[in-house]
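Below is the structure I would like to discuss, written out as structure tokens.
A, B, C and D are the chain letters, set down in written order, and residue numbers restart from 1 in every chain.
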Amino acid sequence: MNTLPRPRLDTSALAARFAAVRRQSMALAAPLSEADCQVQSMPDASPTKWHLAHVTWFFETFVLERHEQNFKPFDASFRVLFNSYYQQVGRQHPRPQRGLVSRPSLAEVKAYRAAVDQRIDALLRGAHDPSVDALVELGLQHEQQHQELMLTDILHALSCNPLAPAYVPGWPLAPVAPVPLDWIPVEGGLVEIGHGGQGFAFDNEGPRHRHFLRPYALANRLVTHGEWQAFMRDGGYRDARWWLSAGWDWVRAQGIEAPLYWQRSSAATHDWHAFTLHGLVPVDPHTPITHVSYFEADAYARWAGQQCDMPARLPTEAEWEHAAEPQQEARRAVGNFVESAALHPMPVARLEPGALQLFGDVWEWTSSSYSPYPGFQPWDGLVGEYNGKFMVNQYVLRGGSCVTPRSHIRASYRNFFPTDTRWQFNGLRLARDLE
Amino acid sequence: MNTLPRPRLDTSALAARFAAVRRQSMALAAPLSEADCQVQSMPDASPTKWHLAHVTWFFETFVLERHEQNFKPFDASFRVLFNSYYQQVGRQHPRPQRGLVSRPSLAEVKAYRAAVDQRIDALLRGAHDPSVDALVELGLQHEQQHQELMLTDILHALSCNPLAPAYVPGWPLAPVAPVPLDWIPVEGGLVEIGHGGQGFAFDNEGPRHRHFLRPYALANRLVTHGEWQAFMRDGGYRDARWWLSAGWDWVRAQGIEAPLYWQRSSAATHDWHAFTLHGLVPVDPHTPITHVSYFEADAYARWAGQQCDMPARLPTEAEWEHAAEPQQEARRAVGNFVESAALHPMPVARLEPGALQLFGDVWEWTSSSYSPYPGFQPWDGLVGEYNGKFMVNQYVLRGGSCVTPRSHIRASYRNFFPTDTRWQFNGLRLARDLE
Amino acid sequence: MNTLPRPRLDTSALAARFAAVRRQSMALAAPLSEADCQVQSMPDASPTKWHLAHVTWFFETFVLERHEQNFKPFDASFRVLFNSYYQQVGRQHPRPQRGLVSRPSLAEVKAYRAAVDQRIDALLRGAHDPSVDALVELGLQHEQQHQELMLTDILHALSCNPLAPAYVPGWPLAPVAPVPLDWIPVEGGLVEIGHGGQGFAFDNEGPRHRHFLRPYALANRLVTHGEWQAFMRDGGYRDARWWLSAGWDWVRAQGIEAPLYWQRSSAATHDWHAFTLHGLVPVDPHTPITHVSYFEADAYARWAGQQCDMPARLPTEAEWEHAAEPQQEARRAVGNFVESAALHPMPVARLEPGALQLFGDVWEWTSSSYSPYPGFQPWDGLVGEYNGKFMVNQYVLRGGSCVTPRSHIRASYRNFFPTDTRWQFNGLRLARDLE
Amino acid sequence: MNTLPRPRLDTSALAARFAAVRRQSMALAAPLSEADCQVQSMPDASPTKWHLAHVTWFFETFVLERHEQNFKPFDASFRVLFNSYYQQVGRQHPRPQRGLVSRPSLAEVKAYRAAVDQRIDALLRGAHDPSVDALVELGLQHEQQHQELMLTDILHALSCNPLAPAYVPGWPLAPVAPVPLDWIPVEGGLVEIGHGGQGFAFDNEGPRHRHFLRPYALANRLVTHGEWQAFMRDGGYRDARWWLSAGWDWVRAQGIEAPLYWQRSSAATHDWHAFTLHGLVPVDPHTPITHVSYFEADAYARWAGQQCDMPARLPTEAEWEHAAEPQQEARRAVGNFVESAALHPMPVARLEPGALQLFGDVWEWTSSSYSPYPGFQPWDGLVGEYNGKFMVNQYVLRGGSCVTPRSHIRASYRNFFPTDTRWQFNGLRLARDLE
């Protein structure tokens, strides 16, 4: 048996947190028109309007329907429209067609949000089953995940518009002194990883368990645009040596020759620009690389190792977590998360000892396939479909990104995507063996 | 050399017609939200917003750019965004991605319309090259075509919404006395078809030319829902005998078992409903069948012939035009066009002699491949891409539909679509040989 | 009612013809190994072994099963394996999987042929229903069609082998004096086309009927490699002006830049070679162009008209037939058919008056969609599926090719293929209007 | 640096082994005609003729070309034709088109084999670089892998033939007493896995390394047909609860409702038969299940755990290897490998203590993604492309199958396939946690 974790907050603090997180979703949608909120630019992405409604449906279905007296759905048809993939809750509207649902309107979805907000608040403020708090916290964690997706999905949608409109104008970058690459050694041994303490964590982060690590080193910072351009200039995208076989097939079939959202001013030049949430901007050499797939990250690591004659690779998720756990409080505090409003990874501002940029900026690809930890059991009940169902053919990313809410991330947090995913803020940090 | 026809209207009447047609497009969009106007439900359909902008681009590009003093584009980026397929005008935004262009907003498109309206009006009212009138008339004919598409495309988009929202509520059908099928004999011989008179016609309608016809008969009315249901009950969709080979492949590959937009109340029953611009309504037996492909129309005709032991078939376009031309004034006057606001084909109200429903209600599939008439020359200049480019692998439909503007149609008018097209208001009338 | 035509031969002459045609199929397969006979290089093509078996199945099913006393199938499983598309005869093995049927072996298929040969011969020599002769003749016409397909299909299969093996070595071309393009005027008027005389013809060639033709001119010879290379050098494959919209989409989607089977010695040069049944050979300028699609033929005609400032086009099938009928005896007699063993179109050997190369060399694309003639009725019974089922989305070709049996062709003969077909020996002749 | 392992055999024993393995490939092809050897039934499978040539190309390229004096290729064109995926060796013929290469003939490929056999033998018998022995051993291991593929690929090819021909007739099954499922507990702790001893092993099997295991239990035998049918009768293929999300999508998209090669006698009954190398046979309840994907194996385990109220799952590869290593000599000796000539998994003949059927019968799916062991380095040089290139999006299988050569397998052997693979002899054994 595995039950939802009890939140650390008392109920009234939880109600305040509920209000704040819900407000933040509306704030993220504020720069967008009704038409912007309608667009779905690929099956993997969803319209902003759908995100706003789906996270609300989650509260309605998993909290109100089970715990509100005399529950009546806000609109019975929303049950199918805004279910994502919960098979046991019932049917779902086909994912690739979310962008076709022009009704309910954005105004109706906002009314839906307001009604559910009021009812959750009332439920929390009255006498209620203790499991309600845990479910509300889960709903908030869920909504924070969708806040990140709202930004990555609207970035993709706007990138399909030849006018290259900005989500918000104004490019945050200030000039910096570049930070040289350094290697942080880690001893390893029989260590423990996985969530084991207090506070919320997803079922996939546990149980905490022993894992044997050989000595290894982590790069002190993320791979940068400038390093990536060296890989490109060296013909990295056209040289089979660096690529996994499946990656090489993917590069050729898709005609990949640069990270997603990069474009040249003209076919003849290497004057690269990147489309961002602030519009089209020149590529800055010290900024962490992002919007690269697992295949690209893995190929880059193999190439980079060859440059310095010392095999480099992606870290495993255990290596990453074991190195990040001790310093998570310090690094999270200064990380570039959504609250910093940069909405793009940023260069290291200042050289410090230890591994920098572990939290925020970009999700870091690890070489670990997303699979259950030893002894893993999904949460009981319907929410058991949350994570375990996806434990195949995906790879783990760690550390959060520039569009992740700061309060959402932990050293044990496991994000996961297929190997060809590029529209997320995914980047990488190198690792290598110490004999 | 083939030049655009001069309009019959003088310039001031043309300016009034311009204002009226342009107003009608806005009226058709009035029931729709910004989100409705954004949706593109398949590559063949376009968003309402795109239609509103594209027809405006047509006036801007073919009239203003060539004839306005000191022409400046309203927005230079619209040239690519709202070009449809004119290769010689330049690049086009990819058709399947029209629904992703959330900016310009609907309000900006309306401003674009207003600005071009004002400039065209000014151009017409001032001294201008005589070719301007012809180009404006062409732009209006073009806009009328897109008015029809706006309705067929929004019908398709709304049909993808599980809430089955109506474009406008209120079902127009009143009970009628059914009209029995009868055959109208036509003598044939060496006849003339094609546009030869005054007034606007597309280049593909001419030149008027001689064509030899054997004696034939046309059905006095369109095929109805009730007749189609008899075909379905007889297993028509599952019996290879009635189908062209390519049609049979299509039926099986797509799992077709009824006209587009039909759905059963439950899998077990044959209680069919159809999704219409007025929402979901029960199938009425006397209403003309619509939303059927060429393949279905052709198969139905073969089946229907077998029922009465007298080979039936679709008419050729020459047979249709030769029969329709003499009575075009009378039939057009009473036809069910967009102006009647039914927005759906309607049963014959009252038995009369001769072929009924030739104009309006549904486009009638003919067995004629869309090809150039003998001596055909496309219009000179850029507008020569209008029709001739499409003369392959499509079949001709005649007579206009319940969403066609009345002033848009003629006996010589040639509409054309591929054989699997179903989202248009396409139906059929039977024909047969007289020995 | 439309019944199969009675053959002109008496039964014993028919038996001799039966033996000769059947022998010819085996002769065509003689240069091929069992592995060659097994290969299916695309869904549109079939393995040689399948062709040899299918034409035998046709005799077994349509002649023996209906007319042999105490009929027993050679092997009951062949009924499904070697049926092509006759829905009413029963199920078919899926066409794209014909190349996977390694058993029965080639030897077993030859035994099948021998057994059916002996039984048909016995049937013909004994007392038999008069309809048997007509069915046997139909089977022979059918087998001749498949003889042509055996050669086009093996050419395609061998072209997929990087070793470029020849079906038979030895290139037949001798140097010639080029023949200048000339125009043969034809008066037109109310003419008759379609098969109306004695002898075998397919149901789709009739009934003979009146058709009105405006004055026109036909080119005196086929378009040549040299002319086609001028089109290519002028950027013909990269210039949207010449192409139908669907053709332009096809050219770009498929990356077409030359006729099928053409390859350059190196990417940098325009030193074109063509893969033929004799292996890889240099492109000769005076040889008729072949292996081009309808789209290419149509685009070439539009370009060619522009070169001489006189709109050129493909002929209609009526124009072709009306011009070819009077001279069919003379031209067929000297045409380059399979019997000449060139197995490739050949240059005009010597200038003569009138339209040359009308019969043999290459099938000539016409602008006519393949559709039923006025009054067309398919043959009664199962053989009615032979032609009528395919009368949609295909275009008519006329005149036979260098791999057609000479006795198979007529002025009224209608071949038909979709607009993107290239693996057949398809070429073109220009036509134009005379005012 | 990681170099190929030195074989344990001295050179003359190696020459004998070379001859024996090479003979075995020819013996496996003996029941097949030239047409059988030509067929490629899907892109993942290869023709027998290609396998016979490719393994020979491997010896020619990696041994002769590098170590034979005055090396000349047997045929220079084979370098491209029979390369599989070695990017650094040069171009490859496209994999899906291997079945189109009818020339060289089977006889020529046999001549190629004979010539290379003779030359390798001569090289071994003369003075030669010591690395030659290691390369020859690698070539033999490689050929043994292709021997297994020859059988799985021809099974797939024959399964596409509606005649259901047998590779070899005669069904080996004798009645047995069923063996009840039992659980073998394993203590775990910090164990070592990976190849560390003498003798040949692939680079992906090392280095030997420490790994922490919690206590677990393995089923004493493989899952059987009878157990699988209980899963099917319980609606297992139609119940989303048991499936990974990607597995559920796959089941529905492909319409999967039984293991590959299973068919019902009629749609109405559950009287299942399976197509095997011996033709179509009834499904025996005690025989190990095979031809199931990772998705199916994983879903079955979840269902099976629910039946006994004790979560069951697939073992990890470390759990499997740790349990199998101590008993590998004993179990391999009695395992059902290709040498037993059953060519199909067989029921446990007799109950014994410990985990049965660990070696032979079917490859056992593990829950482990195929990834590099800690400290993994690919072999140096071109052979480094052998394994490491494929370490993504595949899952590890262990233990060998009924078509694996006995001498080819080890406890540390890692086979790997994508999650939807079914044409291999893949099955499963259950595992569970001991708290």
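Rule of thumb we're sticking to: a residue touches a chain if its C-beta (ideal position, glycine included) is under 8 Å from a C-beta of that chain, and two chains touch if they have at least 3 such contacts.
Nothing here was measured: the structure is a model prediction, and the numbers come from that model.
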Which chains are shared contacts of chain A and chain B?
none
Could you work out how many touching-chain steps separate chain B from chain D at minimum?
2
So what's the Cα centroid distance for chain C and chain D, whole Å?
47
Computed distance of Cα centres, chain C from chain B, in Å
37
CA centroids of chain A and chain C: separation to the nearest Å works out as 59
Mark out which residues of chain B touch at least two other chains, giving numbers and ranges.
none
If we count contacts the way the header does, which residues on chain B are in touch with chain C in the complex?
85, 87-88, 190, 209-214, 240-241, 244-248, 294-295, 298, 311, 367-369, 371-372, 374-375, 377, 389-393, 419, 433
Which stretch or stretches of chain A touch chain B in the complex?
33-39, 41, 49, 77, 80-81, 93, 97, 99-106, 157-158, 160-163, 165
